[in-house]
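Remarks on the structure that follows.
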Amino acid sequence: MGNLAHQPNLQPASAAFDRLLHRYQQVRALSETICAPLQIEDYVIQSMPEVSPPKWHLAHVSWFFETFLLKAYLDDYRTPNPLYDYLFNSYYETHGIPFPRGQRGLVSRPGVEDVYRYRRHVDQAMGELLTKPPEAHADEIHRRVELGLQHEQQHQELLLMDIKHILAQSPLHPAYRSDLKPAVQAHGERLRWHSFDGGVKHIGHAGEGFAFDCETPRHRQFVEDFQLADRLVTNREYLSFIADGGYARPELWLADGWALLGQTGWNAPLYWQRRDDAWYEMTLGGLGELQLEAPVSHVSFYEADAYARWAEARLPSEAEWEVAAEGRPADGNFLESDHLHPTAPDSPHEGPAQLFGDVWEWTASAYRPYPGFRPLPGSLGEYNGKFMSGQMVLRGGCCATPQAHIRATYRNFFQPSMRWQFAGLRLARELR
Amino acid sequence: MGNLAHQPNLQPASAAFDRLLHRYQQVRALSETICAPLQIEDYVIQSMPEVSPPKWHLAHVSWFFETFLLKAYLDDYRTPNPLYDYLFNSYYETHGIPFPRGQRGLVSRPGVEDVYRYRRHVDQAMGELLTKPPEAHADEIHRRVELGLQHEQQHQELLLMDIKHILAQSPLHPAYRSDLKPAVQAHGERLRWHSFDGGVKHIGHAGEGFAFDCETPRHRQFVEDFQLADRLVTNREYLSFIADGGYARPELWLADGWALLGQTGWNAPLYWQRRDDAWYEMTLGGLGELQLEAPVSHVSFYEADAYARWAEARLPSEAEWEVAAEGRPADGNFLESDHLHPTAPDSPHEGPAQLFGDVWEWTASAYRPYPGFRPLPGSLGEYNGKFMSGQMVLRGGCCATPQAHIRATYRNFFQPSMRWQFAGLRLARELR
Amino acid sequence: MGNLAHQPNLQPASAAFDRLLHRYQQVRALSETICAPLQIEDYVIQSMPEVSPPKWHLAHVSWFFETFLLKAYLDDYRTPNPLYDYLFNSYYETHGIPFPRGQRGLVSRPGVEDVYRYRRHVDQAMGELLTKPPEAHADEIHRRVELGLQHEQQHQELLLMDIKHILAQSPLHPAYRSDLKPAVQAHGERLRWHSFDGGVKHIGHAGEGFAFDCETPRHRQFVEDFQLADRLVTNREYLSFIADGGYARPELWLADGWALLGQTGWNAPLYWQRRDDAWYEMTLGGLGELQLEAPVSHVSFYEADAYARWAEARLPSEAEWEVAAEGRPADGNFLESDHLHPTAPDSPHEGPAQLFGDVWEWTASAYRPYPGFRPLPGSLGEYNGKFMSGQMVLRGGCCATPQAHIRATYRNFFQPSMRWQFAGLRLARELR
Amino acid sequence: MGNLAHQPNLQPASAAFDRLLHRYQQVRALSETICAPLQIEDYVIQSMPEVSPPKWHLAHVSWFFETFLLKAYLDDYRTPNPLYDYLFNSYYETHGIPFPRGQRGLVSRPGVEDVYRYRRHVDQAMGELLTKPPEAHADEIHRRVELGLQHEQQHQELLLMDIKHILAQSPLHPAYRSDLKPAVQAHGERLRWHSFDGGVKHIGHAGEGFAFDCETPRHRQFVEDFQLADRLVTNREYLSFIADGGYARPELWLADGWALLGQTGWNAPLYWQRRDDAWYEMTLGGLGELQLEAPVSHVSFYEADAYARWAEARLPSEAEWEVAAEGRPADGNFLESDHLHPTAPDSPHEGPAQLFGDVWEWTASAYRPYPGFRPLPGSLGEYNGKFMSGQMVLRGGCCATPQAHIRATYRNFFQPSMRWQFAGLRLARELR
C-alpha cells in the first residue's frame, strides 16, 4: 500500500490526473504486450498452486481497479459480470471469500477474449473516472490508482515467471519468444569484496514517491561493519558447489532445507537439465546451454543459504543490502532490457554491480514489520501485512521487473522453498 | 481387445477395406464434431486426475492408430514429433513410460491446432494404409483398425463426460451447447417388476461382430430366479431417499462408502445444486431445474448400492442384467439422440425399459475376468485385463455413448467412488 | 454373524449352556495365553492404521460381550467405565460413533492392567449370565455367545499378526517367543496338478454348525473343469519370480498393483530382508534365514496375482477352492501346531496338500454377497456385509488361526494391497 | 552450544569436576523424578510427530553423553547396544542417519526397563570419566558435560509437555499427578503499561556462565522507545477475544494463520474444552475448570499475534523483551514451584511481572542468527543453528522449565503453528 503521507497533487488536479491517466494507459498496455506472444492454451494453465493462469492475472489486476476505484468512486459503474468479483479476488478475505486459489487453472470460462473485453470495460470506465475525478476523493483516488499500477507491475513480473513455469511443463520446451535480446559474451571475473562501515543507519522509505506500506516507516537500525561481494554468484560458481557434493552434505543446510531435499530430490536449480555431460537451462527463449558467467537463478532460500555457507560467507541482511544500495541509481538488467534472463555484469565495474536487476537477491532477513508499521485500513490493508510470517526478504528486482517499479527500499518476499521467481544471491561477510 | 476368432474378411479385401476406411472416416469425424462447440480454453483443462483435456483425447486416439497401425505396418511412416509417443501414450507401460496422467492439464503445447494437424497427418497415412493394406497383415490390420475405432468411440463418450466436468468447474455454468434436443415432458410411472427364470445361462460374447476381450469367452453361469425393475430409478425417487436421511444413515452404506461421505461431505449426486428450496442440475446444456422423472445420474456405486438397500432391493448382478438384455434391440437414448442427458422412459412400455442408453447401470458385480479369459499378446493386452481389480461393472451404455458401440455383452467398469460418468441404477430383487 | 437357522438347544438348556460356558472360558483364556509373552510396551503400539494395540484387542472382544450380551440380557449389569463403550467399539456405526481407528495407538490409559481388570469384570458377569440365562432369550443368547467366541478367535489371529508387525518395527528384531516349535527339514517337491470336474456346484454353508452370515445362503454356481496345484507356492519358487525381474515387468501386474509398486518400492514380500547375498525373514521367533521350501507368505493380492501370471497359471476362484476343499478334514498347520509360521507340506501327500492352515490363499474372487445374502438386523448386521467392496476373498486359514475356527466354507477378506496377514497362494489353471 | 570463550577451570580440576559430577547426578535424577508418576504405557506413545515417547527422551539424553563424551574420551567404553546409536540420535545428520522421527512411537523394544538400564550404564561410565578426566581434554569435557546437562534440562521441559499431550489423547482425562501444588486464588488486575527508553542496546550473552551458541555474540541493536504490559494476557481476556469473534475475523490474522484455522477448525487454545456453558482445561493435574485470571497458555504464534492485533497492541520484539528483562532476577513460577501450570501474578507487583516462568512469551521476532553468529564445529554445530528458519522466538521460560536453566538472553523457538508448549503472550506497543 502507498505511503499516505506523500502529497502527489501539489499541481492542478487535471494536470496530475492527465499524467496519471497516461501512465495508467502505458502500464495497462505493457501487460498485454507481455501476453502477446502467448497462444490461447498458454493463458489457461496453472502449473502449480503458486502459479496463476495468465488470463487470471489479466483479469485480477482489472478487478483491483474495478473493486477499489470504480465501484467506490464512479457513479453508475456496472460490472460486466457480478461473478467476476468472486473469481478474480485473489486473497482479500475481508472483501469476500475468494475463489479457491488452487482451482484457478480449472476454469476455462470466462475465456481469454472475455478477459480482454473485461479489460476494455475497466479501462474505459477508468478513463471516465480519471478524466473527471470527484473532487472530494481526488487524493484517495490518485493514491489508489498509483497503488493499482504498482500492483499491475508486480503482476507483469508474475506473468513472466508464470509463463516460464507453464511452458517448462511441456517436454517440447517451447520458447515464449525467439527474438529476445542475447547477452553479451562475458569473461568471468574474480569475486571482490567491498567494505561498508556500520553504525546506526536509517532504513526504509520516507518522503515523496511511491512505496508500499511494508517499506515504512523509515527507522533506525544498528548495523555492524560488513563486506559485500561486488557481483552475484554465477552459474560457474554454483556448479562448483554441486561438484563438491553441495546437495549431499547436511552440515551445509538448514534443517528445513535438508528435509526438503529429501522430499523433492532437488540436486540443481529449477529449470536446469543435465544431458550427457552438459547442463542446459530452460529460459523464456527456450532450452539452451547453461551460461557459466551468468548469475545463478531459480534457487530457493535454502539453496542460497547452503551455497553461502559452503563459500564460507553468508547472505546479507536486508539492512546491509539497503545500506549498500541507497543512493545508487536503480540501473541494470530489467524487463526493458528485453533479455528476460540474468546476464553477467559489465566488466569492469565500480563498486558492487548488479544490485538492481538480473535476479532478486535472497537476504538473511525474515519478512517482518518494521517498528511502527501500520497497514492501511480496510481491505487494502491485506496487501502486505498479512504475509509477514514464514517468508524471507529479497531485494533489488530482476530481469523481469519493470525498471520504474524498483527502488532501494523495495522489499520483495517469498517462502524459503520457492524458486520459480528469478532469485539468486550475493555473498556477504563480516569485515576482516 | 477384439475377439480374434471372428473372420471379418470373407469378401474381397478391397471391399472390406473400402467399408472400413469409410467407417474410419465417419468415426474420426464424429470426434471432431463433438469438440466443435468448444472454445480453445476448454480443450486444455484437466479438472481432476481422471479427466483428460479434450485436446489430449483427440491426440491420444490418433496416437493409438499411429502406434499400433502406422508404425507397425506403413512403410516409411514418419511421426510429426517423436515426443508425441511419450505425451499421448495413456497407460501402455510395456510400450514405454507414459507422461504422468495427472499432469496432462499442465501442458499447453502442442496446442489445439497442432493436435488437429496431428489428426490430419494420421488420417492421411491411415488412408494410405487402408487403401493398400499389406496382404500378409491384412487380417491383423483389419482387427486393429476395428479396435482403434471402438477405442475412439469410447473416447467420444469420455470427451462428453470430461467436457461436462470441465465446464462445471466455472461458477458461470457455461453450456456446452444450447441447441440440445429437449426431453419430452414425462409423467412418473409406478415402478413394476419383471420376473426372470434362473438356471444355467450363457454369458459373454461369441460369434461374429466386434467385442472387447473382456466380454469373452462366452461361458456358463448359474443364475437364480430374479426380478428386475421395469425402469431406472428416477430423480424423484432419489430425492425421497435424501429426504429420508439417506446420506446420514450408516446402516445403508458399505463401509468404504460411509468413509467416503465423511471425507467428501457428499449429500447429493454430482452436479446437483440446491438453491433456496429448489434443486438444480448442471447439464451439457447448462444449469437447469432438476427433472423429477428423469433417471438419477452421476451417482457412485456406493450411492447406488445405498439407495437400493434403502428401497429394500439390491443391484442386479451383471449376469442378471445380461439375461434380461440379451436378444433385445439396443435402442434408447444415445449420443445420436442428441439429448446428451438421460430422459424419462417412453410410456407405456413393454418389458424393462431403458436397458440401453440414458445412464450406465451399476451392477453388483466386481469387474473380474470371465473363466478362461485371455488378453491379447503384446501391449494391446493392456487394454482391459490389467484393470480387473477395484472396479465394478456397469451395463447398457448411456446418453453419451455412440449407439453402434454398445451391445448386451458390453462390460464397462469404474471405481466405485467415481461419478462423473453418466451412471445410475436399476433395482433388482429375489423372486417373491 | 451366525446362521440363525440352526437349533443349538435340542438338549436341556443347562447342559448346552454348561458346555458353552466351558468353551467361553477356554476361548477367553487362549487370548490371554497369546499375550503372555508380551512386555507392557508391546501392548500399546499401533504400527500402522490397520494394526491395533494388543490391549485394544483384549478390551474390544470384551466390549463385544458386554455390548451384545451383558447390557442386553443381564439385569443390573454395570460397566466399569461408560467411556469404554466409545473407546472399544471398533466400527459399529449404528451403535455409536467409534473412537477413531487410526488413534488407537495414542491412548495409554486405560492401561494393560485396567484392560485385564475389564476382562475379569466381563468374564464374571458372563459367568452369571450363562449360569442362569433368561429363558425367553436363551436361544438368542446362545447364538450371540457363539458369535462372540468366533469373533474372539478372529482377534486371536489378528493379535498374532499385529504382534508380529509391531515387533518388526524395532531394528532390534525382538522375538515374540523363542520356544516356538521348529519346522521339520523339508525337501522341495515338484508341483503337480489335480483335476476337478466342473458343473453346477453347491457353494456356501447350510445345516448345523456355526458359520458367518457371509457364508450363506448355500447356493448353486456353475464351475468349469479346472486344475489346482497340489501345494502352495514356495519361497524358492517366489525367489525365481524375483530373479526373473518379476517386480519390474509391468505386463505381469494389475494396473493398481503396478502403481502401488511405484509408490512403495516393494521388491519382495513383507518381512523379507536381504543382507549381503542371503535373504532373511522376520518371524514371530525373530529374524531368521529364509526357509526355501516353506510357503511364501505376506504377499499382497497383487503379488500373488503377478506371480501366477508369471507362472502361466492363475489364482483359483473361491468356488473352485471350495469344491476342492469340501469334504476334506480341516487339518494342517494351525495356531495349535505352535509353529506360528508356515511350513513345507508333508511328503508324500495324497491330493492337494495344505488346503487348510499355513497361509491364507488369495483367490481370484472379489468379496461380494452370495445370491440371497441377508445380514442380521441391528448393529450385528455390520459384522460382515458392509465390507463387501474393494476386498478379495482368501480361503483356508493359516498358522495363526485356531483350528476350531476354520471350515471349507469360511470366507476371509482383505484389501488387495494388504500383506501383514499370513497370506500366500496356490496356483490354478484350466483343464489341459 | 556452550559459549567457548568462558573458562570454567580456574580452580583445581578435581574440585570443578567434583561439582560437575554432583550437578550431573542431580540433573540426571530429576529426569527420572519427572517420569516417576508414569505408567509403562505412557512411556511408549508418540501422540503427534513433534512429541517423543518419554522412554525415547530418557534414552536420547543418555545417548548425548555417550556419543559426545564417552565414545570420545573414555577409553574402552562399550555401548550396551550398537543400534542405540541409530535409535536415539535425534537429528544429528552429520553423525549418521537418525531413526525416522515420526516412527519413534512404533518401537516397543528396547522397553522402559532397558532404557533405565542404559541410563545406569551411561551414568556409571560418566562417573568414571568425571572422576578421572583425561587432562588433555579436561576443558572440552567440562564444556560438553555442561552442554549435555543443559540439553537434558531442555528435555525435562519437553517431557512434561509431551506427557501432557500424551495423556490428553485419552477420553479418560487421566491426571499426571494429583498432588500438584494448587494456585493461590487471584483477583484480576487491570493491565498497566511500563515505558522503556530506546537507543542502541546490547543484546545477547557475554561473559561467564553457560549460554547456547544462538545467544551469542553479544551485539548492538537499535531499539525505539516502547511500552510493555505489566503482566501476561489472561484467560479472561482471551475469552473476550473469542466472544468478540476473534477466530472468525480474517482482518485479525496473518494469512498463514487464517489458512490454518480453515484446516484445523481451531476456535480456542489447545486443551480447552467447552461443556454446556463452561470452559474446562486439560492440565497435568487432569481436567479442571478454566482459571480466568491465569495466563492464557497453549496458543500458537498466530493466535498470540491475532489477539494482540485485536487488543490494538502488538507482540514485543525479542530485543524489547530482553531490554525489559535484563538485570531482573529470573524468579517466577518454574518447574520447582510444582504447579506445572501457569498462575496469576503476585498482586501487587513492581515493574513487569511474570517475565520469567508461567508461560513462554511469543515475540514478534523470527529466530535468525545474531550478527557474527558462529555454530560450533562438528556435529554439535547442529544443535541450534540449523533450525534458524521458519520459527519464532519465545522468551522467559515457563512453569515446566527448571529455574536454573533460564536467563534473560535465552532464546527458545517454535514453528508459529505449534502450541503444545506452554506458550502465551504479553502485549507491547509504541510509546504513547
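Some notes on this structure:
To keep things simple, chains are lettered A, B, C and D as they appear, and every chain counts its residues starting from 1.
In the analysis below, a contact is a pair of C-beta atoms (placed from the backbone, for glycine too) under 8 Å apart; a residue touches a chain by one contact, two chains touch by 3 or more.
Everything numeric in this text was worked out from a predicted model, so none of it was measured.
Between subunit A and subunit C, the least number of touch steps comes to 2. Listing every chain that touches subunit A and subunit B alike gives an empty result.
For this pair, subunit B with subunit C, the centres built from the Cα atoms lie 38 Å apart. With centres set at the average Cα position, the gap from subunit B to subunit D is 60 Å. Taking the mean of the C-alpha atoms as each chain's centre, subunit C and subunit D sit 47 Å apart. Annotation for subunit A: no residues touch 2 or more other chains. By the touch rule above, subunit C contacts subunit B in their complex via residues 91, 93-94, 200, 219-222, 224, 250-251, 253-258, 301-302, 305, 317, 364-366, 368-369, 371-372, 381-382, 386-390, 392, 416, 430.
By the touch criterion stated above, subunit C contacts subunit D in their complex at residues 39-45, 47, 55, 81, 83, 86-87, 99, 103, 105-112, 166-167, 169-172, 174.
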